[in-house]
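Chain lettering (A, B, C and D) follows the sequence in which the chains are written, and residue indices restart at 1 in each chain.
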Amino acid sequence: MRSRLAIATSTLVVLIIIILAIIGGAVWYFMSLQGGAQYGGVIKIGVTVSLKGKFQHEGDLALKGMQVAVKWINDHGGVNVGGKKYNVTLVYYDDESSPDRVPELYSKLIEEDKVDILLAPYSSTLTKAAAPVAEQFKKVIVSHGGASDSIFQQGYKYAVQALTPATKYLKSIVTLLKEQNDPDIKIALIYENTAFSSTVAKGAKAAIQEAGLNLVYEFAYEKGTQDFASVIEEAKAAGANVLLGGGHFQDGVALTQQAWQLGWKLKAIGILVAPTLPDFYQKLGDAANGVMAPAQWEYGVKYSPDVAKNLGVEWYGPTNDEYIEMFRDMFGGEPDYHAAEATAAVLFAVKAIEKAGSLDSDAIRAAAGQLDILTFFGRLKIDPQTGLQIAHEMVVIQWQNGEKKIIYPEAAAQASPIYPATNWWQR
Amino acid sequence: MDEKEIIKIHNVTKRFGGLVALDKVTFNIYKGEILGIIGPNGAGKTTLFNCITGVYRPDDGKIFFNGLDITGKPPHRITQLGIVKTHQIVKPFNEFTVLENAMIGALFGRRAGKISKDEAREIALKNLELVGLIEKKDELASGLTLHEKKFLELARALSAEPEVILLDEALAGLNPKEVEESLDIVRMINKELGKTIVMVEHVMHAVMNVANRIVVLHFGKLLAEGSPKEVAEMPEVITAYLGDKDLALKFVKR
Amino acid sequence: MTILTDLLINLTSGFLWGTVLGAVSVGLTLIWGVMKVVNLAHGESILLGAYVVSALYLFLNVDPLLAMFVALVSGLLLGFAIYWLGLHKIIGHVDVVTLRIEMSTLLEMFAISIILYNIYSFLTRSEPFGIGIWHLTPISYINLGYMSIQVNHLTAAALSLVATFIIYQFISKTPTGKAIRAVMQDSQAAALVGINPVRIKMLTTVISIGFTAFSGFLVVLYESAVVPSISYKYAPLAFTIVVLGGLGSIIGSYIAGIIIGVTYGVSKVIFSVLVSKNASDPLALTMAFIILVLTLLLKPEGLFGVKR
Amino acid sequence: MDIDEFFKRPTPLFILILLIVILIAKLLRLETTDYLITIMFFIGIAMALNIIMGFAGYVSFGHTVFLGISGYVFALLVYYNRDFANLMNMYSGIPIFFIALLAGGVSALVAFLVGIPVLKLKGAFFAIATIGLDFAALYIIKAFIPILNPEFFGAQIILPAYALAYKDNVFVAMYITFALIIIANYLIRRSRFGMGLLAISEDEDAAEALGVPTTKYKLISFALSAFFTGMLGAVFGLNSGGVDENLFNLAHTIDMIVMIVIGGIGTVMGPLVGSIIYFILYDTLLVTYPEFNLVILGFIVAVIVLFAPRGVVGILRGKQFMGKKLRDIIE
């Protein structure tokens, strides 16, 4: 009795296994059929965007930026790869701003959707999770929102960057300070203790040292800090007369506001992120005047096909006005630098494919290393070895009488810098 | 009943803050007897049980079990050595079946680690049979009546195969018929299985009837010790506890 | 700047923050002490008040000093909803809260916290939202000589003291308050003298969550803006404070809050000397949890709690 | 146990089928490797927490602390030791499993040391203490990791390209870890140890009085649970290209507890079924109501706690099927 039962049950298990195997085999067969078919004439760009969670604001803009780029390319005859015309399409999933499922979604993009090239997700936390997948499947991944350079120092072969790396964020402002030839500059560096802001600060420190300027105070505050009174008092006590730092919008506003309220006399103020947004002036009023900020991209930048000609590099993509108009048409809102970065990344990726003349990742990566183009976003060229962006320059803006003006680099400038910031220094 | 002591309680003192719950209590428990511990509320009966089973560590004094010093050993060690307690407020494992409850006793009792699950099941079944819960073996313990839960406690304790069983008010809350049933089982366990039984009890007539010997605690002190009859006639016991001599004797007679 | 000044500054700001922490913990100590319900949605209850005040200020320009009463009312309503929808079925008719029932309420409050947290995240897109550095007077700083104190911090501290005093008076003087204390000490005995336990449990939940939402106003006043994840900072600290102060003790919580705040301030200075300035903040917060574990082990009834 | 009894019980059969299905899905590439890794991670953490929460009844709210600790240990090991990093892609990824064992061991050690005092606490106090532990560990990591190496800004460790494991190898390591955890769960549930733990979750004093060495058992189960959680954290950290403070995020605790509560505590099948339901729900809700999927999940948990405190499997166990009490066969 007992052995009969055993035989029956083991037969059952074997049967189940066989059935599962047959189903599995059939699915596999049909999938391989599908895989074998050619998607004639379409280049698939894969990406995850954060439509939920802490990066949803940036993710939303980035997605729109990518969609503008895709539309522009297709409207302008697609892209020429090895003599054939290809259209471009975007395949994306929501990563919920969490690194947990990023690897899964990227391998889905590669294995199931069979995309040809990847864009990285927003932020370095998510990029960190996506890059290994790209590396293993040998897909080029273009970073547009991960300004931290650490990824590019870890020897990833297929990761390339389409925006200025974080280490160079404050470099332009430091250069500007240096150009003032003021012997009495004492810098305080007060920044948010996150991967991005810390990297910026590290780059700033190197730049300050290189410029021979004087760093007298440094402090990294925790994410979400709103109260800077004690930090400001300490920096004041250290004799600092230039403030560099910040992190995100709220803390940038609070830092500036409290420096103003506590009567800190400053010759120059350079704050990350916050001053680039119109809200900054609305919240701070007169205190906003004189405040500088680095930006990846601004409305009034004057990159154009003519500039490209002068520089001797190829122009690609929409002009600045064309871009803003397209964005408004498609989405009704205004683009910001998050959108522009993403647009530029798509342009860079597509141009690299065109230059490679094939969809082979190694060829694309090699071509990307050789690429040197100018777009509405600025000049794009990567280090052939590491993939780090080396040509794109940050613009510097300064609030002057309630208006945001581009003051650096000179080629793109709308106004000259006000130094020292009179309202802050002579009060 | 032989006169060999199985548990020796020597000079045990236990204080809670300023309150002395047990004050230098010394007495013996003999192998094979049924010992009743009585005393008014707060006399220290439950505290004494808790000291024997290791729930509390005495502040002073020693407790020996079969000559082995068990003072301050953790409760599960003492259980595995052979002393098991049933709880005043029943504590069945509600989500376990009746059988599983009893099996826990066997698996972690005196032969802990040396007993297979099948053996444990056998023992559990035997003890459930004994207390009359065999028909309910597959029901969840949460579904039993209070009376049945008390029997389950007993079966669980028995399954640990102890030498000594401490019954903490096992009869409280039962109706007279159930008390009689319980007493029969207690006697049977004592006689047929040869277990030593110590009962703390409020149901006076019951304990006076079933016990071979009585220990009286009063405000943490040992007041008297002796056969039920002797104790009932001791003047100090009567004044302290029983109040009325006639009443006391009535208990013994019933 | 000398270490001494540094110490003085951090002591002061730690004290001020501590008063806010104290007020934040009062609601938690009530519901935990009286009903054995560990309100895992405490952080979300705080956020409710913070968001109500901020939304009224930003969208309707209501003065936060008026809006704080709306925060209180919103908390009372949330408490009412939580009791009848979430807790009543579990604890409404039990006299003795066993470990198992305690775990059920814990999980129930946990589920409620998930719901609220994600609603907030959705509504605010997880971005900081608040009343900003809200000006009570034209001068928003008071100079103490060795440091400047933000007026909003001082206001928060003052209001926390007043509010805690009021709820303390309420619990110790009014008949309802006395009934609540009776249930806290012995719910079975309280039932015997004719106190309706269901009513008291409901009231406790309502008052506790209401006060917590009110304290959310203090948090947003102190922090100027909040993000949902700030509940991960305040709620664990509130648990620590309640344990330290003793379950059910309002005064105990308030004082424990100040102790934690001051410890935070002082250890921040110490760690910035011993380790590094950047590491001092996280390490100072760690101290709170070391205090938590030590309290649980050495004096589980807390500083002002009743030993049971 | 003889073969007969084995097949009369659906639990081991279910485990076996689950393991086979994952393997088939991998070999036939029905799903991407990363998806399978993610699934195994989520089911795994629920099963790992189940050992302390489901069996012993101690709800460890700060359990993510062990994901974090082992994740960081693993990342530091392969970051600083090229030998480890090189080993990872040899022998089909088996070495990853062994390094994860090491990292899990650290978590187990921490759990053991912390458990000695903390497991004396009951119910809510234990839950709160573990939350405290999680935050304490998080803050300590945030303070010291950046000091350790200036490259680790914001306590984020990005693994160098040479320290990346091939997905297939990560799969192998994850698969072994996963199988280990489920089988351990099953064996524990069937063992005397498991009976003891369940008795503890029912009534700790009664269990101790009946001879269950409660202190020892709680410590072992806490350490085991931490060990497995840690192993998953290590392998998953590797899969995410490095670690950051997100690993300590209580959001993972939400995942674990929700899975266990949906499925039902005290069983092996509970969290298994629970995590599968959770995964399906999560994915479908994510598609249909991406903004509210967690809100809806919260409601589901709230309702389950109120009306079916023993979860889906708990309901099933109360039923009869073909004259047999399901309680007897669903473990």
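Assume contacts are C-beta pairs under 8 Å (C-beta built on N, C-alpha and C of every residue); 3 or more make two chains touch, one makes a residue touch a chain.
Fair warning: this is a prediction, and the values are worked out from it, not measured in the lab.
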item: Chains in simultaneous contact with chain C and chain D; value: A
item: Pair exhibiting more inter-chain C-beta contacts, A-D or A-C; value: A-D
item: Chain located farthest away, centre of chain D as origin (C-alpha); value: B
item: Intercentroid distance (Cα basis), chain D paired with chain A, Å; value: 35
item: Between chain C and chain A, distance of the C-alpha-averaged centres to the nearest whole Å; value: 39
item: Where chain A and chain B are represented by their mean Cα positions, the distance between them in whole Å; value: 75
item: Euclidean distance of C-alpha centroids - chain B vs chain D, Å; value: 43
item: Chain D: positions in contact with at least two other chains; value: 146, 291
item: Touching two or more other chains - residue numbers and ranges from chain C; value: 278, 282
item: Chain A residues counted as touching two or more neighbouring chains; value: 193
item: Touching chain combinations (by label order); value: A-C, A-D, B-D, C-D
item: Interfacial residue positions of chain D with respect to chain B in the complex; value: 192, 195-196, 198-199, 202-203, 205-215, 266, 310, 325, 327-328
item: Footprint of chain C on chain D - complex, ascending; value: 57, 59, 61, 117-118, 120-125, 127-129, 131-133, 135-136, 138-140, 142-144, 146-147, 250, 254, 257-258, 261, 291-292, 294-295, 297-299, 301-302, 305-306, 309
item: Contact footprint of chain D on chain C as seen in their complex; value: 32, 36, 38, 40, 85-86, 89-90, 99, 102-104, 106-108, 110-115, 117-119, 122, 232, 236, 239-240, 243, 271, 275-276, 278-280, 282-283, 285-286, 288-290, 292-293, 296-297, 300
item: Chain B - residues contacting chain D, complex; value: 53, 55, 74-77, 79-80, 84-85, 87, 91-97, 100, 103-105, 107-110, 112-113, 117, 138, 156-157, 160
item: Footprint of chain A on chain D - complex, ascending; value: 3-4, 7-8, 13, 16-17, 20-21, 24-25, 27-30, 32-35, 37-38, 146, 150-151, 153-154, 156, 158-162, 164, 166-167, 239-242, 244, 246, 251, 286, 290-291
